[in-house]
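Sharing a structure, written as structure tokens. Questions coming.
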Amino acid sequence: MPATHDDVALKQLYADFAATGLMPLWATRDDLMPTVPRPGARPHVWRWVEVRALAARAGDLVPVGRGGERRAIAYANPGIEGEPYATPTLWAAVQYLGPQEVAPAHRHSQSAFRFVLEGQGVWTVVDGDPVAMRRGDLLLTAGWRWHEHHNIADSPMLWLDGLDIPLVAALDAGFFEFGPDEITDRSTPQLSRNERLWRHPGLRPIGAPVTRTSPLMAYRWEHTDAALDAQLELDAAGSAGAVEPGHAAVRFTNPATGGDALVTMRMEMHRLEVGAASKVSRSVGSSVWQVFDGDGTFELGRDVLDVEPGDVVAVPSWCDVRVRARSRLDVFVFSDAPVYEMLNLASPEGIRAR
Amino acid sequence: MPATHDDVALKQLYADFAATGLMPLWATRDDLMPTVPRPGARPHVWRWVEVRALAARAGDLVPVGRGGERRAIAYANPGIEGEPYATPTLWAAVQYLGPQEVAPAHRHSQSAFRFVLEGQGVWTVVDGDPVAMRRGDLLLTAGWRWHEHHNIADSPMLWLDGLDIPLVAALDAGFFEFGPDEITDRSTPQLSRNERLWRHPGLRPIGAPVTRTSPLMAYRWEHTDAALDAQLELDAAGSAGAVEPGHAAVRFTNPATGGDALVTMRMEMHRLEVGAASKVSRSVGSSVWQVFDGDGTFELGRDVLDVEPGDVVAVPSWCDVRVRARSRLDVFVFSDAPVYEMLNLASPEGIRAR
Amino acid sequence: MPATHDDVALKQLYADFAATGLMPLWATRDDLMPTVPRPGARPHVWRWVEVRALAARAGDLVPVGRGGERRAIAYANPGIEGEPYATPTLWAAVQYLGPQEVAPAHRHSQSAFRFVLEGQGVWTVVDGDPVAMRRGDLLLTAGWRWHEHHNIADSPMLWLDGLDIPLVAALDAGFFEFGPDEITDRSTPQLSRNERLWRHPGLRPIGAPVTRTSPLMAYRWEHTDAALDAQLELDAAGSAGAVEPGHAAVRFTNPATGGDALVTMRMEMHRLEVGAASKVSRSVGSSVWQVFDGDGTFELGRDVLDVEPGDVVAVPSWCDVRVRARSRLDVFVFSDAPVYEMLNLASPEGIRAR
Amino acid sequence: MPATHDDVALKQLYADFAATGLMPLWATRDDLMPTVPRPGARPHVWRWVEVRALAARAGDLVPVGRGGERRAIAYANPGIEGEPYATPTLWAAVQYLGPQEVAPAHRHSQSAFRFVLEGQGVWTVVDGDPVAMRRGDLLLTAGWRWHEHHNIADSPMLWLDGLDIPLVAALDAGFFEFGPDEITDRSTPQLSRNERLWRHPGLRPIGAPVTRTSPLMAYRWEHTDAALDAQLELDAAGSAGAVEPGHAAVRFTNPATGGDALVTMRMEMHRLEVGAASKVSRSVGSSVWQVFDGDGTFELGRDVLDVEPGDVVAVPSWCDVRVRARSRLDVFVFSDAPVYEMLNLASPEGIRAR
């Protein structure tokens, strides 16, 4: 507005603003309040073939230990300078735990999940409950719960770590506490106690408390796989159930409330039949996708990205997304959608209507 | 209060009240507003050996057909005169469907469940979705959903019907509609479509709607049994999970919300170890229990009732209850507890605190 | 169904049913499960001119005292035999408190309100907080709160008492406790403490607890009147706000939650302009209306009832209702609508959709 | 962890991480996940005497117009470099509208309020509803609602603008739209239409929709003042109601739900008696306070800040706060507390418990 105001008084005014800790809106309004979201984060793909190899090299070179805590290597969005963030709200990393390795206990207010890409033989002990980890499983570590990992196998294990670290950092809400330096529980039960209580469909254990974060902390691949198959079979038979033709999807939820399994992040698994494609969709908020199985393409705005198993894709806010399956395609996705729904920011018209 | 007022004026006043459609509180206050609940319904047990035999005789003598609709024989509380009600809010009946018999479609605003005592080979078709019925299963027919039954076996099948008929009657909220006279679907799939979508623990099918009544309409005995076993195993190992020592219990819930599977009724299955006993408890609201397996006793106030498999017990409002297991004891129970919780009537102190 | 089965075996079966405490559904299905609600309660009007006179005679003849507790005369629906119930869920009564009279403290799990028809000078002390009562005011006495009344005026005072007595009776949920025989607080503040905290629009006192029943216990006529006027002024100016043309209405709500002021009953005040009429509407559930000011008609199904100030009208479940104003008409109404909404019984299609 | 690993392989690994868009957790864990919140934002005070003078100078030098949109001068926290943010989630600014000036219509997904410090004679037109602004009033402009301002007075008007701009920016959820360049409505009603419908305590207009953001858009000082006085009077009389001795407070809420008036921000007014002090408290999340009337001190961690009317104080996350009143002290405060409550981040122990 006042770009041509170069007289002395105005210069002095701006200098006095600065000296007083003030900043005029009119000079920054357009940046502060864009007409549509203008995320710094970019649509981006990280190739598993590269990431896998680097993780293995880190396994050889970098020990896991107190302070660094985890051999987790973060997907850093090229549009978010200097921060190890996949999107402005979501942290995503590959974690690599070598044969017989351990990662000691800690807890933090950030919520976390693990989605297993490769291997088995690791147990994550959450608040004293040892949880087996196997390929395709989703494991939860909700905020402020103690957790440690130990690998009993002779092979490494790799998984996707998803956390709300950037959101919690933006909100100055982070708390962290170290646990013992040694692993507290090396037992290796096939089923964790939380699963024994909560994995029965529609059956609530009356003696167990109801919490906003899911008391069920392991979602096994066999169930996810069966649920997706069932949707596609129903779809093929002309019955309702799939998201759209050739596209099945499940959301990982808290069985005690039906809500998202974690308060700040939504996790889902999608399966597309050979040749199927999702509709183009667009959300306020961001997401991170990881191909679990199969090949296909991600259409992100004008970009078309070929993807293979293990590839990770970041989708910024308000970016058009379409997924196409070349072979049958299984994709895991996590997003910050619950945050926008709770804060009434999921769409501009929605803001008004509500 | 005015018991000695017998003068003419007062008599005339009462006569004029009656003529005008008025009734004075002071003459009825004590009955209207007792110091604690004084239910007409009584603690009562119906013996399966008797009920089973009568149901079989009805199977021989009484056809199932349009109008009467179902060969359901209601447990009529001896304290509730003239009404076929197990308690003031709950209808319970044994339903008997003979070999090859059918019961035609209808729907009603009353919510219903079936808990199977004996047999298999019946399918109940709910809103077009055929649901197999087997011993130990709980099947839902929420309000206003079409449903019909057909038996493909050469043996009869018996189950407990639970409905909120008395509640809906007291509220003048009943609607009923007849469907076709012939069975609409005679297919016999092992899994209903609703199960294929919703029986996966913690996994919500994204394409399916969320409703207050459970979209999962079958809770299979194998899951219930496993859930109860797991609680008792955890209990034996010193871990949390059981309701109290030697006492496991699950509530049948809506996986889309975590709430009760039906809006107006709560269904649970309890398992007590040999020799275990529940604490004495007392609720505002009533319940109906049916022994599924094992022997034991119900202590209801001062009454002690021995129970065997199939026996049905009615527990009125505010009656002390304790269950003791002679052998390992499995008991199904349904109650009106959600009604009292929603209406803030679950306890007098609770009313005030909230 | 088996009306022609008159053979010996069938007779014996029915006798054995009766002896065993069983009742067959097929003999009673039509009564138990009507196609639409068939309330016993009838549309009915009680004339204020008659009721007022009888209340005054009771004031002369019947003292208020311990046991009878209140000089409340209930509107007894002619379709509900032997019970002092206006509808199957709602109690309505005129209460008459003579000059200088008192009514001692008690409390009960039933929720109550008072809507003042005539007079002023009574204070109702609710949980130790004295609340002035004046014509047009709505005063709350939620469940299990101590309350007593005392009249400091030289004239009687008459108000409508509304309670959920029939509902609580049907649910066997009634608790009652006597307080001291003497009035505990004879102070007469213009504003009760709850009003001082909660009567400020949109302002929550941070130090006060939030409860399901309204912490605001007095809704003053001056506010109700102004709110209704404002809606009609906006309506006349072509702005939104009224319920329909010429028809304004407010609901009495809990300012801490926005929900109904009492959990089990909904209270509203409606104002119709001269000559205006409401649309015909029909609800599952019942209501009781009292004309506060003006003349008009109630069209209840096929009945057309002329009404004058003070007249009370009962509307059973599923009965068509239309109100017409001859002069400007103010009508107070209370209903059991929250119960049906919570229990998912507010409409048959609604049951299914949810 | 690997600070001494300086061999070639490790250097190459880190270089390859960077080239592949990866960042290792172990190098940044301590910054990413502090043991307690380490906000960049600092406790800070801006002096009204300085800010007022600068705003007036801006009034002389800088016109209000399209693009810059508003003569709003933001309080920029000295700990948040380069951004006009009072805290990481909250925008606060003084807005100055000169005699007869106008600010044209726009709308945005960010939610806003105005709290008036000085003057009167401005109307803000929100979605077509003109709302008068006067000293002490709180006015809402929830997300995506059109709004414009016009000053009919011969004196300027100054108010505090509060918005969730930083939060919405961090979430990439900002939408913005320009309205007409000319003011659309110059009418100057004493009461807006939303007030006429919604300012009646506890009375919901039945014909108006219920929304998450408050339909009441003006909270008048006379009500706020009276509510605070009442609490202190009750406190002085030994009755409950105040937050703590000598400390009254109200929260501005949505009368249709009882929740916060805006979804993402909490607004409150606090009043402390002469000599009173609040307890020390500490929150996860930040707040901005503005003295409305009176003198006192803010104790923020180890800092003690004297404050006078109009002074603005920023309180970062997890900072101890105590307010002391030298004279009777009225302080307006807004915060991001609802965000943390919804996201289950309001306290580390709370995260776990829920």
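Each chain gets a letter, A, B, C and D, in the order it is written, and its residues are counted from 1.
The rule is short, and it goes like this: a contact is a pair of C-beta atoms (placed from the backbone, for glycine too) under 8 Å apart; a residue touches a chain by one contact, two chains touch by 3 or more.
All of these numbers come straight from a predicted model, not from anything done at the bench.
K.L.:
If you take the chains that touch chain A and keep only those that also touch chain D, what is left?
P.N.:
Common neighbours, chain A/chain D: none found.
K.L.:
Compute the distance, rounded to whole Å, between the mean C-alpha positions of chain B and chain D.
P.N.:
52
K.L.:
How many Å are there between the centre of chain B and the centre of chain C, using C-alpha atoms for each centre?
P.N.:
Roughly 31 Å separates the two chain centres.
K.L.:
Between chain C and chain D, tell me the centre distance in angstrom, where each centre is the average of that chain's C-alpha atoms.
P.N.:
Their C-alpha centroids are separated by 42 Å.
K.L.:
Show the residues in chain C shared as contacts by 2 or more other chains, in ascending order.
P.N.:
In chain C, nothing touches at least two other chains.
K.L.:
Would you mind giving me the full set of chain pairs in touch?
P.N.:
Every pair of chains meeting the touch criterion: A-B, A-D, B-C, C-D.
K.L.:
Hey, which residues of chain A end up touching chain B in the complex?
P.N.:
193, 196-208, 210, 214, 216, 219, 223-224, 226-227, 230-231, 233-234, 239-244, 248-259, 261, 268
K.L.:
Using the touch definition up top, name the residues of chain D that touch chain A in the complex.
P.N.:
Touch residues, chain D against chain A: 1-2, 5, 9-10, 13, 16-17, 20-30, 32-39, 41, 44, 46, 50-51, 54, 57-58, 61-63, 65, 67-78, 84, 88-89, 91, 93, 108-110, 142-145, 165, 167-177, 211-213, 263-264, 284-286, 316-318, 336, 339-340, 342-345, 348-349, 351-354.
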